[in-house]
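Please read through the structure below; I'll follow up with questions.
Going by the order they are written in, the chains are A, B, C and D; count residues from 1 in each one.
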Amino acid sequence: MAEFLSLHDAVARYVEDGATVAMEGFTHLIPFAAGHEVIRQGKRGLTLIRMTPDIVYDQMIGAGCARKVIFSWGGNPGVGSLHRLRDAVEKGWPHKVEILEHSHAAMACAFEAGAAGLPLAVLRGYVGSELPSVNDQIKFIECPFTGERLAAVPSVRPDVSIVHAQKADRAGNVLVEGIIGVQKEAVLAAKKSIVTVEEIVDDLTAQADYHPNACIIPGWAITAIAVAENGAYPSYAHGYYPRSNRFYKEWDTIARDRDTFTAWLDEHIYNAGGQS
Amino acid sequence: MAEFLSLHDAVARYVEDGATVAMEGFTHLIPFAAGHEVIRQGKRGLTLIRMTPDIVYDQMIGAGCARKVIFSWGGNPGVGSLHRLRDAVEKGWPHKVEILEHSHAAMACAFEAGAAGLPLAVLRGYVGSELPSVNDQIKFIECPFTGERLAAVPSVRPDVSIVHAQKADRAGNVLVEGIIGVQKEAVLAAKKSIVTVEEIVDDLTAQADYHPNACIIPGWAITAIAVAENGAYPSYAHGYYPRSNRFYKEWDTIARDRDTFTAWLDEHIYNAGGQS
Amino acid sequence: MSLEYTSAEMMTVTAARALENGMTCFVGIGLPSEAANLARLTHAPDVVLIYESGTLQTKPDVLPLSIGDGELCESALTTVSVPEMFRYWLQGGKVDVGFLGTAQIDRYCNLNTTLIGDYQSPKVRLPGGGGAPEIATNAGEVFITLKHSKRTFVKDVDFVTTLGFGRDGKGRDGVPNIGQGPTRVITDLCVMKPDPETKELVVVSLHPNVSREDVIEATGWEIRFADTLETTPEPNARELDVLRELKARTERKHSGE
Amino acid sequence: MSLEYTSAEMMTVTAARALENGMTCFVGIGLPSEAANLARLTHAPDVVLIYESGTLQTKPDVLPLSIGDGELCESALTTVSVPEMFRYWLQGGKVDVGFLGTAQIDRYCNLNTTLIGDYQSPKVRLPGGGGAPEIATNAGEVFITLKHSKRTFVKDVDFVTTLGFGRDGKGRDGVPNIGQGPTRVITDLCVMKPDPETKELVVVSLHPNVSREDVIEATGWEIRFADTLETTPEPNARELDVLRELKARTERKHSGE
């Protein structure tokens, strides 16, 4: 049964230095508030998993939280590079960060396999790509029925997954709606999970727009829930607020330079308090 | 793009003698009208795939349509045996029917793998079961990462899948709601598909109860759509009519005896016309 | 003051009591479903019931006849596809206890729901495995409930559809990522548990007014009894009331349909 | 009467025209998305656009900045999970054409979006593979669109993120269940297609007012030209109007956010 905690307490309790952490949300519902809390609490040595690192990981990498990043597309969507990720990978600032990269298909399948309790995912993938030559986690198996060569990757099983969602109810059940990405998979695949939500409602099944096949994660499959209003901003929450494409564009300027980045971090993270 | 046909024409055109056919619906939305049409048209030599054969397959087997049945649970749920299936397997009436049996988990994964375009499904299954000794389609593979022994089964790729759903819209998009079973997987895994529906609406996305993550199968992924009102009866259609548990119980008496079954078939199928 | 109740009621109430509040239970149809819903309506209001049709955390008002009655979906928290149910929820390790019935069970708790006789020319063809083979290995533990008779309790099942502890009691030894298997068998006569060492079923509790001889006569092998044999506590009035109302509601609903 | 248009507009209109009405197209962000939506808003109203964020059959009113803008979900037929998108829809063979951009492309149509330089100490780190490696092999065919320059059109890519036809042009030979791969590359200068035999890219059509020399200078290898070299048809007024309105709407929307 999910425990209701402040975001501070949830991060303090479940994100340990050195942990493997998946913060998911495919463009939509990216858990920015939680990422900022991780930075604020000075977590270090994290292995960060995420299909599309996005600027939340850029911020965490620039702030020195990450030891390793496992991803499949690391850019500022529609804008350009993640300058803090590049600075870490290319120049080792603030310290060297190791990367392990996959394709989206492989990572999506690896999350699915993690949720499914399997050690591996099998896909028709990486054909002719040179990614297997730089990622020793990509192997190939032979189908025992057809002889076809198929790719295999280890499933994703994070120590803790953090996702953002629209609503939880008082029993801790969580509704994810719209672009649902791999959020459910991330929660189910992880040993512990934190879900931040826009709001708490009484009972999800009694809501006017309840749908029998909605993506609802039961409270007993979640470790902790924390309310974080606007917790996905500058990403967005379908039904709540739109994506700040403007901020995504502005980030390019902020992150391009170490000093402006550090100043941004001071102003907007370290000295900004945060929700409790 | 799905073609709108009469049920007669859809079955006549896409269910060929000797074909491998999956008619799905997990208790809910079982395509009875389509099954009856298959009987009425005297289709023969079919390989019938279905997780839970249920009484629609009992009727088709008793009527002599089937050569082989691939399944994971063949009973009249909560009532008892499928007497026509048993009569065919145990006594060869009306002719011998070959069976190939799996567990639910394996068949569900095999449908998933079929929809996913893979030749095999991998699962942690059949541990200690003697089913692999009587089903040579069950093999085992070794995980290249952990060494764990996992079960592998061939994916399900029917020649034609037939499912029933609540609604289609004029563009041929289909909404499945409630207990969705492996319906979407059956359609996507098949070379051809027929979907029978309770009704046609103008535009699914303009319906009052539209949900962004509803189980909607796009029209371009479906071969043919046929309207069949009450097409799942005595199974049910969530939001339309309930399951006739009474008929399921009565079926036990009808099917127990070859003569009462044959009389039922004459009265309710051969001489009943059918929807066109 | 003693209440009147049938041996079937005794079985259901005892099976229901095995479930603790807050457990997630993957429910088989029939007796397990009856017991699991009784538990939910009495001492375990927050027991989470999952049916293989994809209905997560369902709270049916009447017992489903099939594993996918409309009632299950309408009263569920949400309903997922069947592949997701078996992959994410069962195989993914989210199920504390699988609650199963069976046609045959042997001394090592192996279950047969496939057939009586020989596979190629069966005397009686049964429905088959369904969800059981993977429920029994992927759930944290397994409860089994069925009526006691020499026909159902056999020394060796004709076919191991579903693993208990294998034909030699060692079927789970050294297997990675496997649940602990059957931890109790509840019948209309008694409660049995596997011996911690040999895994052979041992009677640990006799229902009121049931003798050792009753159990011996209804069991197809030389059944063992625990050194300290308990008497199963009787159903209480509330449990019987709730169970009878549930069954009456169910009967009215199904015959009306 | 000739219209005024930019080379970027020429590229987008030509790319849009490659899509036929009714095709299902897995759309990459940026230029492919612009072209695919232009096609939808002009000659191909029933083209089915799929984005890897899970949005099936989407009809955005403005161009998405990211692959998962709210607009995509709000205008979609339905939105599925990302694993389902890659498994059922792409790998499941439901995509006729994958429409991709790239940072580098070589003469055998291999794409590099991973890095410039050496993998262990890159000169420039690019975003990585994303959906492209499997889009390129699981879609029926692949269209590629990017601006023409010596920096992007190289003899051999630094890294094969995504298979065109391999480093020797034979990368798809004998591989089961693989799409036919890139069938055309559309730039701001010309249209190229792989040679049916060798799979090396050949210019088949020059855009109006573009010379062979322009292409030769912008290509990092000795580019070949087809024997009968066509001139790409010009954009028409409606295409230009729709494209400009689309871009203006998009600009207003994104800067307002």
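We take it that a contact is a pair of C-beta atoms (placed from the backbone, for glycine too) under 8 Å apart; a residue touches a chain by one contact, two chains touch by 3 or more.
Note that the structure is a prediction, hence the values are computed from the model and not measured.
Asks: Could you tell me which chain lies farthest from subunit C when each chain's centre is the average position of its Cα atoms?
Replies: For subunit C, the chain whose C-alpha mean is farthest off is D.
Asks: Let me have the rounded angstrom distance from the C-alpha centre of subunit A over to the C-alpha centre of subunit D, please.
Replies: Comparing mean C-alpha positions, subunit D is 28 Å from subunit A.
Asks: Centroid from C-alpha atoms only, then distance subunit A to subunit B, rounded to Å. What do you get?
Replies: The computed centroid separation for subunit A versus subunit B comes out at 38 Å.
Asks: Once you find the CA centre of subunit C and the CA centre of subunit D, what distance in Å lies between them?
Replies: 57
Asks: Which residues does subunit D have that touch at least 2 chains other than itself?
Replies: Correct list: 73-74, 79-80, 87, 91, 138, 177.
Asks: Any chance you could list the residues of subunit A touching two or more other chains?
Replies: 112, 117-118, 123-124, 146, 148, 178, 180, 184-185, 212-215, 238
Asks: What topology does the chain contact graph adopt: line, ring, star, complete, or other?
Replies: Chain contacts: none of line, ring, star or complete; other.
Asks: Going by the touch definition at the top, which pairs of chains touch each other?
Replies: The set of touching chain pairs is A-B, A-C, A-D, B-C, B-D.
Asks: Considering the complex alone, what residue numbers of subunit C touch subunit B?
Replies: 29-30, 52-55, 64-70, 72-74, 79-83, 85-87, 90-91, 110, 114, 119, 121-122, 124-134, 137-138, 159-163, 166, 171-172, 175-178, 253-257
Asks: For a test of understanding, state which residues of subunit C touch subunit A in their complex under the given definition.
Replies: Residues in contact with subunit A: 22, 24, 48, 56-57, 73-74, 76-80, 87-88, 91-94, 138, 177.
Asks: Within their complex, state which residues of subunit A touch subunit C.
Replies: My answer: residues 1, 112, 115-118, 173, 184-185, 188-189, 204-205, 212-216, 218, 220-221.
Asks: Can you tell me which positions in subunit B touch subunit A when the two form their complex?
Replies: Touch list, subunit B to subunit A: 117-120, 122-124, 137, 139, 141, 143-146, 148, 150, 152, 154, 177-178, 180, 209, 211-215, 238.
Asks: Could you please specify the touching residues of subunit A with respect to subunit D in the complex?
Replies: It comes out as residues 26-28, 51-52, 71-75, 77-79, 81-82, 85-86, 89-90, 101-106, 108-109, 111-112, 123-131, 134, 146, 148, 178-182, 184-185, 215, 236, 238, 242-246, 248-249.
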